[in-house]
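I've put the structures underneath this note.
Both complexes shown next keep chain A, but they swap its partner, so chain B is in the first and chain C is in the second.
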Partner chain A sequence: MTQSLAQVLHSHQDALLEQWLRDLSEASADVGFAPVHPELIEPLRKLFPAIIAQLGQAPDAAVSPQSSPASPASASESAQPAASSEQRAALDAQLQQLIAEQARLQRNLSDTLGFLLHLKHLLLKALLSAADQAVEERAILWLDQYFEQIAQQTLEHALAQRDRYISEQSLSIMELSTPVLRLWHQILLLPLVGVIDTGRARQITDHLLEAIAKYEARVTVIDLTGVPIIDTSVAQHIMKTIDAARLLGSRVVLTGISPEGAQTLTKLGIRFGDVISRASLRAGIAEALLITGKRIAAMEAGTR
Partner chain B sequence: MNEPAPAERIAIRTHNDIVTARHAAREHSARLGFGRAYQTRLATAVSELTRNVIQYAGEGSCLIEGQNDADGCSIQVTVEDHGPGIPDLALALADGFSTSGGLGAGLPGTRRLVDHFQISSEPGLTRVVIRIRKAR
Partner chain C sequence: MKIPILRLGRILLVSIQEDLTDTEAMQFQSDLVNEVAEIEALGVAVDITALDVVDSYMARVINDTASMVRLLGAEVVICGVQPFVAMTLIEMGRDLIGADCTFNLDQGLEQLKTRIASRGDIRFAGDEDE
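Right, the complex of A and B next:
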């Protein structure tokens, strides 16, 4: 007689789970996935019953015997109603948690897929050995389809997760504020970091001009150490910022242009004209103090 | 000797792609053993050209190819777009000329940054090929 998938699953459930988790922990190089991270065991353990519950709903009506293995697409469409939407949701939640954990632990998605496919392998083996005579063809087909569907869901979750991550990151980069720091009386420091496009350039200029007016700054130190590439567009934005600062009566000291950057700028034919420029922020601050008639001096021995 | 990375084609559609392209150019040149000055020059040149693509054509592509041969190595970058084209190439290559209120240093400056510079433009296809080279 043939044994149904549900029966096999039910009777071997615990042993299967233990073997699965043990195999994952002791994975060797030839199985196609790295050993599982200890913190992933728990979500995998929770995922297991969800999978089993759905698999247990053998697709008696869903996969008709006539449907040939060559048309898995139409078969899987008809197989889907077999799993109740409640169970689907439960599985979805577990998968999502697994993916989130995997992302947090910075593990590979391919490993996670490998874990799931290994479970399919174990289930198939259990099914084949339990039903020592004829295994129901549709049970195998169903198992296959089901895991295809899980793999697909896993991928979708992983992609969604990544998309979220990327948009969060770009948001936080956009929000990198451009602080205008008050370095000393009448001296401002504007450290520029990252990509300077038209939008950010305008924001930077706004902030700076506001601060210059507020603090009656006589010198502004603009530090470019964190600007990776200074091309003509960036240079133009910086020049406009400098011009605007000058109109408000603040002199500008540029600092932090790298040797390569300087070479590139001259090759490009960009001149910063009569802007004071210093190689390091330290030299720039010294210059700013000089302009305002201040200096940093060691404390006298008696006052220490 | 370092093997060149496989050729890489980057679609240029948004400002972010400019960053991607110049980052890739820098990585490719670093991998072939170009010094920092070379890397910065190439990355800046790619930044200029891809920014032109965004500004004048809307979108295009950037192909980065590294090459290793008997007496040195080189990186070639091909930037293409299907925009309206540049009506007067000689003028566009002159210092200080800009149709967009820019510095007018982009194209002539880029030409000075690299060892080889070739440009062709007609309505519907503008192609700029640049190359930096390093002798062994």
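Right, the complex of A and C next:
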């Protein structure tokens, strides 16, 4: 008689867990993953029973012996729903926690996958050595399939996690990146940093117009020092911002265009018309002060 | 032929002596804009007295150069447009040269100085770091 997967799992459960965790801690270079971080042990330990519980409901336990052995795949597929949805949810949550921990500790995803696949390897070894007789083919197939599924799930969680991070970060960059500064009375400064796309351009224009209206700005200095590439679309966005500012009666001074930027803009046939352009922010501020009739002067001797 | 760029304080002076090929024009433009950015030039005088013929290509090169320099915050004048050149340029189209033109280099420098004097960034207390 062949020994079922469930029996093997049940009798070796504790030994397997210990060996697994020991292997992970003492991993050397040739096993394909780095030694496990001590803080990851706990989530892995919690994950183990969830995996074992689901594995225990292998098709050979759930499917009646009469079912055709010729179609193990379909048998295991039909057996999948047998794993209760609560168990699946529990496993899913455990995996999610593991991935979150791994991301927090800045560990490699491939290491985590390596841990899980190493468990598969151990289980397979246990299954093969426990039964002197031929092990049920179906059990091996199920084990294999199950771990593929787990790996897939892990990957999905990791990707979802990363996507979340990226969207959170781009949102915060968006919020941080377009401040409108009040440089002086009636003078605003808009330092642009980073790549300008349509979404950001609209936000920039919105912010700027709001600020112009609020502070009744007569001059706006737009500093482009931090814009790495100025191409047609960026230029068009800036053009629109300038036009909008003009409609509110604010003069615009552009500063910080690089020599390369100036050449590209001209070769693209973009003309900024009568916009004042200055090499440095310093010159731009001086220009803005001139327009508003102010100047920076040295203090008289003895007053400081 | 490399076009020399002469420096008079914070004014740059370039004199175009003959028609430029594509590569020469590109070289000239990038040399000039780099120099303008380097010294934060206040004005650039482009002298074309030596050009007897200005075709539409040369007109565009001159115009583009003026635009680039303006984007970098310097004033531009084109000096020494010959009467015959002016006629052909007008025949070809009105706005071929959009920058301000003066009859000779002397008047050009005069105009540059006037325009620079009306700017904000030269009468600027705190310029002692230069």
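Here, the second predicted complex is superposed on the first by the 219 of 304 C-alpha atoms of A that agree within 3 Å, B and C clash if a C-alpha of one lies under 4 Å from a C-alpha of the other, contacts with A are read in each partner's own complex, and residues count from 1 in each chain.
By our rule, a contact is a pair of C-beta atoms (placed from the backbone, for glycine too) under 8 Å apart; a residue touches a chain by one contact, two chains touch by 3 or more.
It should be emphasised that the depicted structure is a prediction, and the values quoted were computed from it without experimental measurement.
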For the overlay on chain A, clash or fit between chain B and chain C?
fit
So in the superposed three-chain picture, is A:L105 touching just chain B, just chain C, both, or none of them (first/second/both/neither)?
neither
With both complexes superposed on chain A, which partner does A:L289 reach: first (chain B), second (chain C), both or neither?
second
Looking at the overlay, does A:P259 come into contact with chain B only (first), chain C only (second), both, or neither?
both
Looking only at chain A, is it chain B or chain C that touches more of its residues?
C
Partner chain in contact with A:L159 - chain B first, chain C second, else both or neither:
neither
Between chain B (first) and chain C (second), which, if any, makes contact with A:L268: first, second, both or neither?
first
Quick one: is A:V195 in contact with chain B, with chain C, with both, or with neither? Answer first, second, both or neither.
first
Quick check on the superposed pair: does A:A235 touch chain B, chain C, both, or neither? Answer first, second, both or neither.
first
Min C-alpha distance chain B to chain C after superposition on A, in Å, is 9
So the chain A residues that chain B and chain C both touch are 258-259, 261, 263, 267
Please give the residue numbers of chain B that touch chain A in the complex, ascending.
15-16, 19, 22, 36-37, 39-41, 43-44, 47-48, 51, 95, 102-103, 105-106, 108-110, 112-113
Contact residues on chain A for chain B in the complex?
170, 195, 197, 228-233, 235-236, 258-261, 263-264, 267-270
Within their complex, state which residues of chain C touch chain A.
29-30, 33-34, 36-37, 40-41, 64, 67-74, 119-121, 123-126
Hey, which residues of chain A end up touching chain C in the complex?
254-255, 257-259, 261-263, 265-267, 271-272, 277-280, 282-284, 286-291, 295-298
